[in-house]
Every structure is written in C-alpha cells, then in structure tokens.
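Presented below is the structure to which this report refers.
Order of writing sets the labels: A, B and C. Residues in every chain begin at 1.
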Amino acid sequence: MRPIEIITQLLELVVALAAAPLFVGWINQCRAWLQNRSAPSVWLPYRNIRKLFHKDAVIAEGASRLFRLAPYIVFAAMVVAAGIIPSMGTRLPLTQVADAIALVGLLATARVFMSLAAMDTGTAFGTLGARREMMVGFLAEPALLMVIFVASLISATTALPAITEHLATQTLGLYPSLAFTAVAFLMVLLAENARIPVDNPATHLELTMIHEATLLEYSARHLALMEWASALKLFNYACIGFALFIPWGVSTRGSAPVALLASIPLLALKLAAAGALLAVIEMVSAKLRVFRAPEFLATAFLFAVLGLLVHLLLGA
Amino acid sequence: MAGVPLDIQLLNLCAALLLLLSFAMLSQRRIVNLVNLLALQGTVLFIATLLIAWRTRQPHLYLSAVLTLALKVMLLPYLLHRLIRRLEVYWDAEPLLNISGTMLIGVLIVVFSFGLAQPISALASTATRNAIGIAVAVVLLSFLTMITRRKAMSQVVGFLSMENGLFFGAMSATYGMPMVVEFGVALDVLVAVLVLGIFFFQIREQFDSLDLHHLESLREDASSRRSE
Amino acid sequence: MVPVLHSPLDACLTLLALWGLIGLAGLLRPTSLRYVGRTLFPLGAVCSLALAAVALSSLGAPTERAVLILGLPDLPMHLRRDALSSFFLFLLGAASAGISVFAAGYFRRGHGTSAGLLCLQYHLFLASMGFLLLADDAYAFMVAWETMALSSYFLVTTQHSLAEIRRAGFLYLLIAHVGALAILLAFGVMQGGSWQFTFDAMRHAHLTPVWAAAAFLLALLGFGAKAGLVPLHVWLPEAHPAAPSPVSALMSGVMLKTAVYGVLRVTFDLLGAPQWWWGVVALTVGLFSALYGAVFAAAQTDMKRLLAWSSIENVGIIFTGLGLAIVFHGAGMPGLAALALIAVLYHALNHSFMKSLLFCGTGAVLHSTGERNLGRLGGLIHRMPWVAWLTLVGALALAGLPPLNGFVSEWLLLQAFLFAHQVPQTFVNMLLPLGAALVALAAALAAYVMVKFFGVIFLGQPREAALLRAHDASVLERIGLAWLALGCITLGLIPTQVVGALRTVVRQLAHVDLPDPTAPWWLLEPLPGRLASYSGLVFLLAVAAVVLLTIFGVRLFYHQRVRRAAPWDCGFARLDPRMQDTAEGFGQPIRHIFEPFFAMTRELPSPFDRAPRYRVSIADRIWQRLYEPLGSLVQRVADSFSVLQQGRIATYLLYSFVTLVVLLAVVL
C-alpha cells in the first residue's frame, strides 16, 4: 500500500465523519430559506450530538444488551461504508475488501440492527417503526442493487472506485441508461434516508414515523451515535450518487497528489448543490401515505430496470 | 461511447425519453396529465425529426418536423384539452389491473419488443436502427394503455400515442415516410379526433358518463326490450 | 479382520454401517432416555464428525469405485466416491454433527414414539442419505432414496396421535413417491436402450436431444418434489413443523440438499452436455420458488412454518444458480459456469448450517415454552441468552449480511449474474439481468423475514405470562447450537479456501474451472482482472475495530452512566405487552403488497359486536387451484372404479374366469 492510498482513505473517513452533520445542517438551512423563515445555525447538529453525549442514558426496562450494542454497530457500518465510497479519490485500499455489493450489504446490516433494536423495546411504536423500516428497506435494496448493476455493466466491474474511474475518464456523452438510473437512485435516496415524500424527518407524530420510530427509545450517547449514523448515511448516499453520476473531480489513479486536495472543494460544491436539490424536492412534494411508499419504490425499481434494458439495447 | 457523434447520442436520448413517457402514461390517473404527456411525446418527436433532417439533409423532413409540431404539440392537445373541459372528465376510474401489475406487464412487453427488434435492426441501414425496438415497445405500451383504461378519453390518448410510436419507428428505420403517406396519416388522425369528439358528446348525452362499460349494456337493453 | 480404512470410500462405508449399528443399539433399551440421549446420539455425532473429516480430506483424491454384494443376485450395488459425493458427504457430516449433539440434549422427555425407535429411525435416515451420495447405479440410488423417504416419514409422524401430524406425514409420503416415480422414469429414459442401470452405462449412453430433455425434465420434477420447488412444495410447510425440531433441521438442512445433489449428478454427470434452455426452465422455476417462499414466509405466524417456507426460498435460489450455470455451460462460457456452480454449492453448504441452527433454536424455544405460535412468544432473550445469541448468528447469516456466510454465496451468485447479458441467445440475455433483480428482491425479503423471526420470538416483552418461567438450553443443546454457529461464522470468514475446495468439485463434475487466484489468502477474487473482490475476515476486523474504537472513545471522553425507566407511552398509561406488533401484523405489509399470491379470508369485527373477533387465514393459492381439483379428480376416478367391487363372490369368480379365457386365447 502506497502512502497516497492510506492518506486518501484516512482523509475520506475524517471528512465523512466531520462533514456529515454539516450536510444535514445545510439542508435545514436551504429548507428554511425556501420557507422564508430564519434557520437555526448550520452547526446545530454538532451541538446536538455533543449535548447528547453528555447526558445520562435512559434505557427502557425491557431492553436487552442488543439495544445497547446496536448504535455502535450501526455507526461502525456507516463509517466503514464511508471508507468504501470514492468521494475524493479512487485509490482506496479498503475497497479491495468490499465492493459495491458489500456496500449494499453494509447498509442492510445497519437497517437490520436498527429494526432489531426497535423491536427490543417492546412498545407498539418501536415494533411499528421496525416493520415500516424493513418494508421500505426490502424494496429499496433491490432498486439500489439494480442501479449499481447498470453502472457495473457499463464498467464491467463491481468495485466502486473502478466504476467511478471508468465513468470519469470516458468521453463526455449522453447515457440515457444512466439518466434513468439516476432518477431511480434519487428516489431510493429519498426513501432510505427518511426524506419527504417517503418519511418526514421532522415529524413528531408517532403514528406517521418510519425512521424516527426506530430511534424513539434512544437517548444520550446512543442517540448521538444513531443521529450521527443517520447523517453519515445521507452523506454516503450523496457520495454514491456523485461517484456514479457526477464522477468528475475525483482524484483518479495516476493523478498527482495535489488532485486529492483539489477534490475537497469540489466535493463541497457538489454537496452544497445536492443539499439545495434535496431541500427543493422536500418543498414541492407532499408526504405519501405509508402504503404508497411501496408504489414509489416500485417505480424507482422500474426506472432502474428500464435503464438496464435501454443500456442492453442501445449500448448507451 | 467514444466516437459516437453528438446527434446520434441525442437521438438515443430522444428514444429513451419516448420510452419513459409511454411508461409514465401507463401509470397516470389524471387525464389532463395524459394529454400533457402526449404533447411532450410530440415535442420529443419534433426534436428527433429535426436531428434526422439535419443528419441526412433531406429538406422534406424539415417540413415533416414542422407538421409534427403544429399537429401533435399544438393542435391536438389543444383540441383534447377543450374536449376535457367541456366533458368535465378529469379523472380516470381505477384501471383494470392495479398499477404495479400493469408496470410489470409493461416491462415484459419492453423485453419482448427489444428481443424482437434485434434481428430487424440488423437488417436496417440507418444509424438509429437500435431505436426500432423502442418504437415497437412504444406501440405495444400504448396498446396496453388503451386496454387497461375505462374512460374513452384515455383510450383516444393511447391511440394517438400508438401513432407517435409508429412515426418514430418509421423515422429510425427508414428516415421517414414519403410525404404523401405522412399527409394522409396526419389527416386521418385529425379527422378521427374530431369525429371521436362528436361521439363523446353523444355518449355523454345518453349515459351521463364516459365510462365505457355503459356501452356494453346496450345489448341487454335491446334483448330486454325484445322480450317484452 | 479390521475394516480396511486406508481408502476413503471404505472409511465412509464403515461410518455409515456404524450409524446403522447405533440405530439398532437404540432398540436394546428403547425407553431409557438417558441411554439413548446421553450415549447413542453423541456417538452418532462423533461418527458424523469423522465422516466430515474423511470427506473433506478426500475431496481431491481420485475417484474410487466398489461393488457391494447386497441386494438381488444379478443386481449388485455399485458405489462410487468422487469429488461431488465427497462434498455432499462433508455437508451431511458437518451439519448432522451439530444436529445430533443438539438432539442428544433435546430428547429429554418422551414423545409419541419411544426413544429407542426414534434413535433407529434417525440414524437410518442419516445412513440412507450417506448411502445415496455414494450410489453409482439406479438400483442402489432408489433403495437409498426410498429408505430415506420412509425413515423420514416415521420421524415426521413421531407424535402420531395428533391427526394433523398424520395428515402432514401422509402428504409428505405422497409427494415423495410422486417424485420417486419421476426419478425412476428419468433413470429409465437415461439408460438409452442398454437396459443396464448402472450410472456408467448412463454416462456412455447416447441420447437424442429430445430424450435427453425428457430425462432432464423428469429429473427436475422428481428431485424438485423432494427439494420443495413450487408447485410441488406443499408438503414442506406441513411436514417440517410436524416433525421434532432436530428432524426438521436434518430435513431442511441435509435432505433438501440430496435433491440438489441428484439434479447436479443427472445434469452434469449422467447426461453430460446440458442444453442451455434447460437452464432457463430451472432458473424460472427457481426464481418463482424463491419469491413465493419468501413472500409466504413473511406472512406466517408459526415459527416452524416460517422456517419451512424460508427453506423453499433458499432452494429456489439454489436452483436459480443451477439454471444459470446450465445456461452458461450450454452457451459455451466455462469460467462463468464454474462461478455459478460454485455459488450453488456454497449456498447449499451455507444453508445447511444456517437453517439447522435456526431449527435447533426453535426446538430449544419450543422445549422451554411449549409454544410454536409466534403470537405467544416474546422477550426470550432475557430468559434464554445462549439460545438467543446463537440463533441471532443464524438469523443474520440467513438475512445475507456480511461478514457471515449467507452473504458470500449471494455475492458469488450476483457476480455470476453480472455477466449474464453476454449469453448469445436473444431474449435470454435480457431476461437474465432481470433475474438478478428478482434474486436481490428475494434476498431483501429474507432479511425482512429474519427480523420478524428473531424480533418477535426473542426481543420485546413476553406476550404471555408463562414465558417468564422459560429456561435456557441444556449443555448438549448449547454445544450443538454453538457448533452450527461456528460453522456459519467460519464459512463466512474463509471464502477463498472454500471456493478453492469447490473448484476441485466443479472441475471434476462439469469440466469447467475458474482461473487460478492471484490474490492473497484472505481475499476472495474469483475472476482476477474484473476487480471484484471481497474479504470476510478483513471486513469483520474493520467493523470490529470501529466498534471498539467508538466504545473506547466514548468511555474515555464521556461516561458510561445508564438509568432504567419505563418506555415512552405517548400519554397512554396502560401499555401492555400485547400492544406490541404481532407476527401477523409484521407480515401485513407483505400481504398487502403481494396480495395476488395469497388466498386470504378475513373476518373483521363490526362496531356492533359484543365480542369482536378479528381473524385472518391465508392459504396457498396453488393448493386451491392445483391440488384440490386434482384430488377430487382422482377421487372421482377411483370412485368410478368402485363399480367393479360388487361384493358378490360370483362376480369375482367371473373376473378370474374371463382373465383365464383371455390368456388362453392370447397364448395359444
């Protein structure tokens, strides 16, 4: 392993950990601007996490050790996922160990442990949230796999950095198949990260919660880790989108080390644009009924399959 | 994708958009949206015709493009919107099969069309021959739209979308049809829409609704009258 | 004379005979549970371990043959041990070791049958499966197959006093025999006119494509009936819950894999050159079974039926991979065929460990609570920690989560699907990537089912007061569970070595191979140059490192204080455990989304009911559409024959007279 690879890997992990809450804060800021109200500071998520770490953990009486272990596992899964996604450079040694399919498996691990922990509380809200979270998950996961499949078909590999490199170094062209899968990916992103139109991240009505219901019983450091993990998940999804659809600016194999430094402001720019786009989408959509969510995800799956078929037919 | 000229890439994009619009039509419940999607299809066809005209330098294709714009993007949607407003039919009833099932059949149709079109594409000599599969798929998907709808208006939109698909197929396979044929087809479509419009008023007068299953009960009325 | 042990085939035969002896020894003191449970079953487990060791060490050894002078005078039994047999013998030995140890602790009180008889049936079951894997002619194969079916039938009807168990056993036997008939017919077609039923003769017989296809389809039908492919799956959800849990584990974990062995043997070995469209048939049936099984598993309220349907799903995935391998083989793509076959064999091995672990876990739960209904369980992780945490390993593995073993075989299968579009046949190359989407959907559904299974049984609060008296598993049960869990973990952490071993099998079976690996020992890279690699070990280390760092960091910078309090009740002070989600409720989204699959009857309460009831029953649509009409047809035909039974002696004498006259006229 060359030093540039270790540096890229560590830099990615540090940037992901540090920037994820900022990304969430930025989306809140954009949403507030669109709603013509003044937003809380973009640094508020950091202060929240710090405040939570100081508190005493209050655990439900019936909860087992799994409940206390789950936040660490979910957080670890998200951190390792952040290490696999080429957000700044494609020379990541960790990706030899886990390719895109293993990335989807990591996200599934986080989801399963979150649902199990919610069921551990033994309340109606927790189990309801677990059921809904798994329902959204079991439809979103094949759609995400199909999106990655199409990208893998175009690049003939499932290693995410290799896909990014291949797409970044292609001559600029219009890939209709990638356009379809980009739409599918956006829909999966909205569903998996509990955004409107699938779930409202700011809701306080327990019967309408999907993701929040799984976090309902958590407090203090466990909640801090879960919140951080959720922010990391959104960050990771955004970076997967950039890696597949907007790969330019990532420092590829053979480029100078200074390209790595240059990719940081580019990443910030992409994230800012993505955050604004997410805020706009949240503004113009209404939250779907819970049983419309499978139709929403089925449409995403359909887009991904269409992208696949168009690629097979047109070669584009 | 290296070395593929820009206009062919744009044509491929148009083909993909056409497919997308046909799928969107399958899942729409609002009739106003259906007509808007039809207008969008016309726009995509207009752009595609322009690109092919520019590539093959056939001046009559420019005329065809202008005709497409006038008819499919402006006149027909306007007529249909007027019809919708006067008939006050805005929503389609629940389609025959639920949305997911229809989409699934749609995907199977697309796979079938693509598989069917591969040997045909090998015979054609144009640069856009790959898009023949998409044209066949659009025709079959519009047919499916017609089958799974209950309101007469949606079926008309499906019919027009089928014609769009045939037009695109002709474009990509043989770089357009002879001008006489095009004029003839355009006139046919226009007259069909006008006549159908008149029919809809009559149907609405008789049954107070444009739900097509009322037309089926005509037989029972006659037989019950005979038995009296 | 010491049995010759220097040849692996002889060693295997000796161990199989030992199993038979152990079974017979159970008859000596049939009612003594301590004797049977503490002595005989652990002995059987030791034999299993020895078998697994012998099989593993002989994977690369050359093929051996033997002839047993058992059976009819002119029809000796031919035996053969090659790489495929060794692999499945390893599967049998390793999985049954854990199950036998578990069974030693499980059979603590009497069931319907006496313990000694149970021991005989159990070990006969094991021995017949082992013999089946070594059989080299149709006669030995069918004898072993029938013995397997009969002994498992007796095991299924252990509690034969209950009518529903008798019915389940009958259904099982019926479909097993339909399958056996199809297999017999397949063998009949494959001998190709030589009237020699040894496998060697079948290997050298030249069949026309039509007859070869007929043989394949018959074999698929027959072995599919035993494996539980839709639509011949109806016996699985009935027989597995009816049997005692170790028997269910053995059936799901090992017996279904013998059917996979059968199809592999027939397709690649006996028939030789499979045609590509056979693969499409197998793929379609497999995909449909996978989806069907997953959807039904999500809607079950009985924990053992849930696992039975999950077995159907996994068998579907195995057959999907098998179909893919046949397509690649027939299309002349050997490297990819090898990849798909390796994925199939790996998944078979994985599933045997995972499903056995889960079934044994449910056995422990059933033992300590007496409940099979998911609606009466809950919160058992506090009372049964060993069972809970070991079953969690199995549940996570079945859900396909890295770094456990279920993920590896799914990864290999998806990698094989990635290249499916290169197949030259027109429609197939577009339908196969869609197959990948369906495999992904089935895998995601498996995760859903496992969260439901583990969450409803072990997590949350107990739904019944009696659950507070549940006790944890005994030492022997714990050892059995731990062995199986260890197998799951190990198979996930050393995929490269397992794939290396499987390459030997695949090379000998279908004469296809993967390129030699260029990656280090801890990295799995089946197709070098494609940049697709995975390492379970490093993955686990990475995740574990982050977890430990986080725990350590939090402890260092902050504190570890914890307080206990009542859960959030949203202002409603009388929350009780029955307000948790039930198993039926957890399956409701799946029932809603996949409504066309189910035949559902619902009884909803009205606002005016004094004693409101809510009742949902889901039935298999295939049972209603296919089996009930078929059953009534058979009944009608049988009834029409009853006209022959007059009851008068004169009529029967007349039948004999007519037959005699006809025979005389024909012969003379």
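We take it that contacts are C-beta pairs under 8 Å (C-beta built on N, C-alpha and C of every residue); 3 or more make two chains touch, one makes a residue touch a chain.
Predicted model, so just to flag it, every value in this text is computed and none were measured.
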Report summary line: Most central chain, judged by mean Cα position vs. mean of all protein Cα atoms, is C
**Report entry** Pair of chains joined by more contacts [C-beta pairs], A-B or A-C
**Finding:** A-C
Report summary line: Chain centres from averaged Cα atoms put chain B and chain C apart, in whole Å, by 50
**Report entry** Intercentroid distance (Cα basis), chain C paired with chain A, Å
**Finding:** 36
Query - chain A and chain B, separation of their C-alpha mean positions in angstrom - result: 38
Report summary line: Two or more other chains are touched by the chain A residues 305, 309, 312
**Report entry** Overlap residues in chain B, where contacts from two or more other chains coincide
**Finding:** 100, 107, 111, 114
Query raised in the report: Where in chain C do residues touch two or more other chains at once?
Result: 430, 434, 593
**Report entry** chain B-facing residues of chain C, complex
**Finding:** 426-427, 430-431, 434, 593, 596
Report task. Would you pull the chain B residues touching chain C in the complex into a rising list? Result -> 100-101, 107, 111-112, 114-115, 118-119
Query raised in the report: Within the complex, which stretch of chain A touches chain B?
Result: 170-171, 173-177, 179-180, 295, 298-299, 302, 305-306, 309-310, 312-316
Report summary line: In their shared complex, chain A is touched by residues of chain B numbered 1-4, 9-10, 12-13, 15-17, 19-20, 23, 27, 99-100, 103, 107, 110-111, 114, 117, 130-131, 133-134
Report task. Using the touch definition up top, name the residues of chain A that touch chain C in the complex. Result -> 53-54, 56-62, 64, 66, 68, 72-73, 75-77, 79-80, 83, 94, 96-99, 101-102, 105-106, 108-109, 111-112, 115-116, 119-128, 130-132, 134-135, 137-139, 141-142, 145-146, 149, 152-153, 156-159, 162, 206, 216-217, 221, 225, 291, 294, 301, 304-305, 308-309, 312
